[in-house]
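Note that chain A is present in both complexes that follow, paired respectively with chain B and with chain C.
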Partner chain A sequence: MSVPSLSRRAILGAIAAAAFAPAIAPAFAQDAPVRIGYAIARTGPWSAGAQVTQEPNYIMWAEQVNARGGLSVKGKKRMVELVAVDDRSDMETVVRSYERLMGSDKVDLILPPWGTGANFAVMPLAQKHGYPMLSPTATGRKLLGMKNPYFFALLQQPDRMMDALAEFLAARGAKTAAVIYVDELFGLEQFAGLEASLKQKNIQLVEKKSYPIGVKDLQPVLNDIKSKNPDAFIALSYPPDTFLITGQSRAIGFNPKLFYTAVGTAFPVYRDKFGPVAEGVMGLGTWNPKSSAATKAYFDAHVARWKKEPDRWASAHAWAGLQILEQAVAKAGVDRKALRDTIANSEFDTIIGKIRFRNGENISTPGAVSQWQSGEFEVVWPPQNATGPAYYPKPAWK
Partner chain B sequence: MAFWFELVATGLITGGIYALVALGLNLQYGLMRIMNISHGEFLMLGAYLTWLGHTVLQVNPILFLPVVALALFALGVVVYWLCFRRIIRTAPAVEVIEARSLLVGFGLLFLVQNAAYLAWGADLRGYSFLTEAVDVGGARFQVNRLVVFAFAVGASLLLLAVLRWTLIGKAVRAMMQSPTGAQLVGIDTRFLHPVVFGLGLAMAGVAGALLSMVYEISPGMGEPYTVTALIVIVLGGLGSALGSLLGGFLLGLVETFGMHYTSPSLKMLLSYAVLIGVLLARPKGLFAR
Partner chain C sequence: MSRFTLRDSILATLLAALVLSAMPWLMSDFALALTLTCLMYAGLAVSWAMFCGATNYLSLATAAFFGMGAYVTAWGAETLAYGLAVLLGGLAAAVFAALVGAAVLHLRGAYFAVITFGLGELVRHGITYYEKAYAGTVGRVISDPPETVTIYHTVLLLTALAVVTALAVRASRLGLALRGIGSDEERARTLGVDTRRAKVLAFSLSAFFPGALGAAMAMRWTYIDPLSVFNPFIGFQTVLIAMVGGAHTILGPIASSVLFSLLTEYLRLQFPYLFLVILGLLLILLVLYLPGGLASLLDRWRWGKSRA
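Up next, the complex of A and B:
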């Protein structure tokens, strides 16, 4: 009978562990762990983004911190304990989970959920309970317009990203552009930014159309745009549609001088799916392993831990947010009011460079444009951050 | 002229995809009144099997179709035996089958979807297969979409023919119209029920396999397809193979023309307007008898 003997062994093991524990414990004498709570999508439609960009970073960071002996809290080392909940991509679950984490569980710190919408929903709670939140996947003037003192946005705001794109186009002498954008807060915000930036650079907008997320066919729209022959085509799209737009544009032979798709373009799966077809496609991106030694180290650690690559935009911002949290806690401890003031008033060293916030906005990281070139998402604009020269006009579809 | 041709063809291709998604559920709900709300989850399983076959074993997804169909058929027979057999036997009326199987379907939905999350994680997956475009009458289409379209039309017509002209098809229809009467004339419903249910799941799996050539896949991909399938079935008339196909086409055409003349954002509005319009004019669907 193997079952009883197994359990007997387990019991013996437990007794042995209990007996040795007091002997081991003094060597590691330390305070209670720092409990850090968050809700994030492990299932449902948001999980594809959340599990590429965000949660792997949370877990890897906690593991690295604990391997270094813990989080430095005003000079004292304390272990990190993550309290994580699956929000099932459901807004109500997000709100309820954070209410519980901060209200009754009283965790020491929180990490934000995934996506602009969920962050928007949690922001007022964070302010009510006084928890600073460093958000790597929330972007939009509307969020910053709330003037919430506890909210810090790590990504470049839409106007910054779109300004960079318009500057690039102007520098290359583009005259016309066509835009489609997803009917979500993200698409609307990006489009508002882009429209203003293009106008400022005297680039004519020959077509603008919105579309619903998860659409199954955009060929009629792409055909219309192709017939207008714009210099630049910009899709302010979300992941499944980013793939659809790329595939169908190639199918109808729509190959403008600049072909730009938004969220998802920076995901490794984009390159893995399209292979050589991705060559010359541009999108939202900030960094790649060639940007600096720090990004290389981060990239390698991520691949070693998860057997998959981080995305070339918000993943590094997520990591930067954790670095900022770590540095701020070292200075201010887990007194959340002091911690907020420290985050708001200091400059931090991160893998994407120095970061300083003003009214919750990351004002240090410049807007950027990236482009797939031979399997890497090269940063091609602005020149001081570029890891390679841009292909413009875009090469023909392979 | 070429412009109109392209618009119509694009609409028909999209409609074909909708019809394909609805095929399996039409067997289960249309013919057996098993409201299998987890239809999209089994479609997702088919898509993942094909993705695994293509990326790990390097098998051509089209050659892999029979494997997916057989695997899902076997799974369907097991699922029927475990979950639906008792419901069918003990339900006093067809409406009761609908209500009870709906609850079981929800359970299956969570079970299958979460199993997929555990097995493959939440990441989007995808591969490129037959993405080249071909010229048809001056318009360009991706080959993989044409394959899906051809399969949808072929399978719908085959199903139509089997149901209308073969003995087994008549037996299946009889079983739906009057379960007791069917038994009285010697139709073995104990055999036929699991087989038809299994075929429904096999069709879902094949649809998923074909869709994985065109779209990206993730464990949560199934639910929107279940909704699409339900709209198409209700539009076409429960159990009508031709109705599903034409219902799918109608939806695809309305969406494509709507997208061209108004905005893609109005897509949902247009689809539901069509559904409501049809239901007002013909409450039992376009092709119900």
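Up next, the complex of A and C:
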């Protein structure tokens, strides 16, 4: 059979060409384009989140910038060229891809991969090669604990989000809460934050249980919690469990005054799947099209470009990160050391408000609580960011 | 292969390893990372084939061994020297494989495959539970990882060691016993082979390498959590590579891991949205037209020559 041996030869030649020849940038009449590289999941388990929250924003931003005539680099306009690869949801591929982008391709700038784990893996490389990274989907005190001067986290840290939730509960006079959380860095850190905040507000924790990632049935746990009749039920969950918990709570008629699920609640698909059932469910969210004229413009552009809505939490943070990059490059150019210092030491105007970093943490965006109301994820806390009053107690399941 | 003695083969392996050890100073970061991936899969596939190729047992436990090794590194990163952590990672996997092997190696075929796949889940959940209950965390940060060059040399050494071990096993009585089990286990036993001992010994030996490789590679990822190190993808890809290469040989899995890693990388970079489809099609074609793996190409070529 000569087919395999022939194609093998052709493929090896092609691989050699692809792996060792530098990528050829299209020549523009003006200055060379600014090459911005990233690896992100287009296949595998991470792709669901990455393709909702992150990559659509990267692409849309590059298109908008180029439509405006390019990225302003210290007063000069240069086009943006994205150098993007699929990381297959595989850690070694993430590391290898960024080694290629920064070490061999020597792109001008990078954008981060999706998720906390992959950001952890890229951080030391970014520092070694001196590339600032503005990460919209990495959260955790452990990340900031690395004290990496090139890493900037755009999301609110877990304690900030959980403080807001506890403040809301205290303001509404809740006395008891039950919490379940996913056995993962995310769940553990959120829970640690929440436990401390609830204690401070004198809200009694009547149940706390963790569950393994990928869980398929939580009905016994939910039944048990239902029998304890807490004012608030808080699930620090990941998308599949967020859907599972919502469905099973409704099935057993567990309808506490506050019903909160974490990641995934802000996804438009959550509302689309549950329809009227989602009414009154709370979760992690920062913004919606009503927050400001800027968020409205972003929302409309996203819907026009992708025929789908952005999620109401991290999508806008991803967009804010791109805005920060754009403003910093306008000031400092693509000299990455100067760029890092500019990002670290300035304040930026973004669609989610002004952002300033301290030791890599976004210290400007307050923690928030959002709630599905008639098809929109309304921000209900803190009052200065709210787009509507909260339904508390939560209406009965439809 | 009979034209080469065991000594020749081992010398050739060591020579190749010597040449490859100079690569960090000759290659770009990316080319080095790609070579590292090739080496990792070569080590995984050769050690997998060492047991499974000879005995025709299908083990899906590679991911479990790999993840165990990674966690040994994560636990020992602060207190153990890197080399020692890697060694312990390998030993932990080998001991675990011996214990489990003694319990489940009487199963064959699909039962054994399913059990070994379940092992990965068992170890992953076990570690998650332990970490949460006793360490109060799930992920571990490696704050001071070794240089890429150090990791590269470790992986190179382990892979060379896996090849040498596979060569030595094949030439030994143990190798003979394993092949006997592969062709007819009942008959091997009737002829006086202690099949149980041979299987447990070889299974355990073949688990050392994924354990040690996991311990070495996870250092590159800074953050270790159960989901990323017990990645079933690594296990499946290893089995695939060994089978495409020809699991009854040693050269086959090595050639196939290089080919497979480069091909995956090429397709990923050139056809970002279609690479899995293309890869799947290529695999189907290979299985249909080359059921014996790449190694059978060599056999055919030799056969053709001797006939001419």
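By definition in this document, the second predicted complex is superposed on the first by the 370 of 398 C-alpha atoms of A that agree within 3 Å, B and C clash if a C-alpha of one lies under 4 Å from a C-alpha of the other, contacts with A are read in each partner's own complex, and residues count from 1 in each chain.
Note that contacts are C-beta pairs under 8 Å (C-beta built on N, C-alpha and C of every residue); 3 or more make two chains touch, one makes a residue touch a chain.
Source: prediction; values computed, not measured.
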> Touch check for A:250: first (chain B), second (chain C), both, or neither?
Replying inline: first
> With the two structures laid over each other on chain A, which partner does A:123 touch: chain B (first), chain C (second), both, or neither?
Replying inline: second
> Is A:146 contacted by the first partner chain B, the second partner chain C, both or neither?
Replying inline: second
> Taking the superposition as given, does A:51 touch the first partner, chain B, the second, chain C, both, or neither?
Replying inline: first
>> Quick check for you: in the superposed arrangement, does A:210 touch first (chain B), second (chain C), both or neither?
In response: both
> Which of the two partners, first being chain B and second being chain C, lies in contact with A:275: first, second, both, or neither?
Replying inline: first
> Now for A:90: first (chain B), second (chain C), both, or neither, which partner does it touch?
Replying inline: second
> Taking the superposition as given, does A:332 touch the first partner, chain B, the second, chain C, both, or neither?
Replying inline: neither
> Of the partners chain B and chain C, which touch A:322 in the superposed model: first, second, both, neither?
Replying inline: neither
> Which chain A residues lie in the overlap of the chain B contact set and the chain C contact set?
Replying inline: 42-44, 183, 210, 212
>> Residue numbers of chain A touching chain C in their complex, please.
In response: 1, 3-5, 8, 11-12, 14-15, 18-20, 42-44, 84-86, 88, 90-93, 95-96, 99-100, 102-105, 116-117, 120-121, 123-124, 142, 145-146, 183-185, 188, 210, 212-213
> Where on chain A does chain B make contact in their complex?
Replying inline: 41-45, 47-48, 50-52, 89, 180, 183, 209-212, 214-221, 223-224, 239-240, 243-244, 247-248, 250-253, 264, 267, 269, 272-275, 277, 308
>> Using the touch definition from the top, list the residues of chain C that touch chain A in their complex.
In response: 28-34, 36-37, 40, 125, 128-129, 132, 136-139, 141, 143, 145, 148, 217, 220-223, 225, 227-228, 231, 233, 259, 262-263, 265-266, 268-270, 272-273, 275-276, 285-286, 289-290, 294, 297
>> Show me the residue ranges of chain B that touch chain A in the complex, using the header's touch definition.
In response: 6-7, 10, 13-14, 17, 113-114, 117, 121-128, 131-133, 140-142, 215-216, 218-220, 224, 255-256, 259-260, 263-265, 267-268
